[in-house]
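Lettered A, B and C in written order, each chain numbered from 1.
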Amino acid sequence: MAGRALSEIARLLNLPLKGEDVEIAGVNTLEGAGPHELSFLANPKYSDQLAATGAAAVIVRPEHAGDVRRALVSENPYRDFGRALALFAAPQGSWRGVSPLASVDPTASLAEDVTVYPFAFIGPRVVIGAGSVLFPGCYVGEDCRIGSGTTLYPNAVLMAGVEVGDGCIIHPGAVLGADGFGFARTAAGIEKIPQVGRVSLGDKVEVGANSAIDRAALDTTRVGSGTKIDNLVQIGHNVRIGQNSLIVSQTGVSGSTRIGDNCTLAGQVGVAGHLRIGDNVTLGPQAGVARDIPSNRVMGGSPAVDQGTYMRTLALMPRFPELFRRLSSVEKALAAQNAEHPKED
Amino acid sequence: MAGRALSEIARLLNLPLKGEDVEIAGVNTLEGAGPHELSFLANPKYSDQLAATGAAAVIVRPEHAGDVRRALVSENPYRDFGRALALFAAPQGSWRGVSPLASVDPTASLAEDVTVYPFAFIGPRVVIGAGSVLFPGCYVGEDCRIGSGTTLYPNAVLMAGVEVGDGCIIHPGAVLGADGFGFARTAAGIEKIPQVGRVSLGDKVEVGANSAIDRAALDTTRVGSGTKIDNLVQIGHNVRIGQNSLIVSQTGVSGSTRIGDNCTLAGQVGVAGHLRIGDNVTLGPQAGVARDIPSNRVMGGSPAVDQGTYMRTLALMPRFPELFRRLSSVEKALAAQNAEHPKED
Amino acid sequence: MAGRALSEIARLLNLPLKGEDVEIAGVNTLEGAGPHELSFLANPKYSDQLAATGAAAVIVRPEHAGDVRRALVSENPYRDFGRALALFAAPQGSWRGVSPLASVDPTASLAEDVTVYPFAFIGPRVVIGAGSVLFPGCYVGEDCRIGSGTTLYPNAVLMAGVEVGDGCIIHPGAVLGADGFGFARTAAGIEKIPQVGRVSLGDKVEVGANSAIDRAALDTTRVGSGTKIDNLVQIGHNVRIGQNSLIVSQTGVSGSTRIGDNCTLAGQVGVAGHLRIGDNVTLGPQAGVARDIPSNRVMGGSPAVDQGTYMRTLALMPRFPELFRRLSSVEKALAAQNAEHPKED
């Protein structure tokens, strides 16, 4: 990380600086930061760490500006810390150009400042926008379209016809546009239904390491702008996901399901096929979804139910042995009563 | 997609054509199809869409042949639509040959019309049959044998000694033949048990994107002909899977388990090690299997039980709070009775 | 496998040999072994197979040394069988050298006997220790450090700054050091929090095929020496895992969680973020962990509870319908009693 003046950081983030200027070499946690590092306080729970921090400066909310030697004053310290980080973040690779060790089809159209590392493969009629970077081992199949400012990390795979918007990040080993899982059982065995559709991502989409998004059977599997997909996630054929949704690691979404905007699917969630999930839906970890979910719901469990119901059910689970014991006691008491007061018939 | 006469499609699929001939440019859903596209009706539930479709022709069962302008009459419209799709499906890559940018060991034996893309690696003594295609970034380790008409998509990995039959598809990033997870805990820590076995696939097997099938500890991990494995599936060492089974995404099968023919394991299923699963077994999504399962069973839940039992248990789950309330009422009523009619002893 | 004298194997493993010498060509199960193969008996349950085995020799505990024609006598037959296997295990690739088809930055520092296969990429300032082997398609980003005797199998990815110790195995397609899943929701959408930390593995660590270990947001995601990670596992940013732990396939560990030494996480386990899991903790298959766990616990279920409680709860699950029936009977009996003995009020 190259150093920057704190005053310059304040100017770039458009935040008031309280305290004298200093050279900042990097960013760190309150606990770990040294005398040339910038830190932040997002959670007031940790405000007692402000007194002890060795940080040169801290991004804080206005009420904490007086608690540190130097403060950058922010209404959203976590977000502004992210922006500060971006000033110091080294890129994954510093090399620029189109390597003679890459394989680029002569009919592909690359904007002038596209970077293509060695051993990347770019097929016929591919179009790649300005400033995009393709790391080693990437495969970009025939007729793919990649926007500007997009990064394909090592060994990312875009099968034929995949479209990726601007400012996207495809993490290592992610596979976009492999065949959906479509088969017909017949008397003679299993016949493959050819998958001839595509995958299309909006802008600022991330796809995590070794995740897979299948091409549609006929039309298009779509992921909306701003949606972020974590590692090892499976998105089936014909799925449509809206904008600004978060799909956490190892989640699977089955074919033809639609998920709205601003949803959060926690880790290891499973969603069955052909469902409609609304906007602003949150699914807890390991949830299993087999029914449509309207907008603005928080659900948990497998099969998923309203989060409140799920939490109450969980609380009762360890009490099953007690339940059986109490029921047996009641039955015995009743039997004893009936022995004393036999029914007349 | 290049166009074809509808009459030619009828002839190739061996289906009667009702209506005059027309040029077909592609295939689509009933809703999406235009005046030069072929569609299909598989589910009679959607038969009311026949009146409104813009499709040039529709593959239908005999009873619906009169409902559309042009019909291809079929006993299995879904399967025949798949066959029609195959006529129009463009391959993932149109290039053919053995690239000088590939690394092919001189002792490897390739049939004359094998295609090897740039940056594919083929090790010593590998044998590859006629018409097989290896995309960029594939790795084929020493002594592997690949049949004819098989495709390895980008970055697929076959470790040493893996055997793949005819007509198989290994999707991008799939790994066949990595070490099984075999370790011995000792006082000194964990010692690796070397894994020296192999992986063998039958014919017409598919392995999904980023799935992993481990080599056996000593002998062979086997997947039978016609079995289709989806994305991000884990198959442990020494596992044997029969023919024409479907293993859906993110399922894991632990070491030494045997699974029969014509099984379906839905998404995110987990099967413990050293089990025997019979033929024609269906496991619902997220099922967890810790015991042997005889043939012809449908199971669900974790741990998996008979599907009927599972569905009944699920239906009762939301009623636990009610159960506790009702039991408390009974206990109070009994206590009140006993206060009125104290037991003589 | 090249043959070895049984007496030489006995000497190398430091085990007493009972019986005359013989040439051993390989290793196999008791059932499968032929007259030039070595086998083992680890589980006394299978001791009746000793009489029938065709093996040339068997590694057995002292009490079984008289039951076979030739015995290697061991206190830990499974571990010593592993050691015998290691004598016969062929490496995944026999080629050695630095391929002119690899891309090695001139500022990278490789010990003299490092092997780099074709199409591997090694970035600026990378340091690789003696005897390490990089298979085709590996990517080693800027400033990575790899110890000695470490293997990177095909298409393994080490993003910038990743550190891997001595004697590690990174299986095909594993990704170390991709961005953690860190985002801030704002009114304008989702903003990425840059991830600028690293991944560091100790010695003798294995990372399975297509697994992912994310770089820390700020500091370091750590995996301790001797820990073995299976295929398709997700390790989130800032996680710390101790030594000699086993993380089985398709498990996910969320960000900032710490796991101790000698733990075992079975397959498809999910662990939430920011938790502390002690030493010697065992989590059963598909467990879901949302709370801290002290050392020396065995837990199961989702949410995970003590294994005994989990097993008792599981045993009661199929009895829910019975529970509802019995409660209804009790309620009816009480109602009948009250009709006969009405409460005086």
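Basically, a contact is a pair of C-beta atoms (placed from the backbone, for glycine too) under 8 Å apart; a residue touches a chain by one contact, two chains touch by 3 or more.
Values in this document were obtained by computation on a predicted structure and should not be read as measured data.
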**Remaining chains grouped by touching, chain B not included** = one piece
**Prompt:** If you list every residue number at the chain A and chain B contact, are more than half found on both copies (same) or fewer than half (different)?
**Reply:** different
**Relative orientation of copies chain B and chain C, as a Cα rotation angle in degrees, nearest 5** = 120
**Asked** Roughly how far is chain A from chain B, going centre to centre by Cα mean, in whole Å?
**Response** 25
**Fill in**
Multi-partner residues in chain A (2 or more other chains touched) are 119, 137, 155, 173, 210, 232, 250, 268, 323, 327, 330, 334, 337, 341
**Item:** Of all residues in chain B, those that touch chain A in their complex
**Value:** 1, 27-29, 32, 76, 78-79, 81-83, 85-86, 88-90, 92-95, 99, 101, 117-119, 135-137, 153-155, 169, 171-173, 204, 206, 208-210, 226, 228, 230-232, 243-244, 246, 248-250, 267-268, 285-286, 314, 317-318, 320-321, 323-324, 327, 330-331, 334, 337-338, 341, 343-344
**Request:** Could you please specify the touching residues of chain A with respect to chain B in the complex?
**Result:** 103, 119, 121, 123-124, 137, 139, 141-142, 155, 157, 159-160, 173, 175, 178-179, 181-186, 189-196, 210-212, 214, 218-219, 232, 234, 236, 250, 252, 254, 268, 270, 272, 288, 290, 302-303, 305, 309, 312-313, 316, 319, 323, 326-327, 330, 333-334, 336-337, 340-341
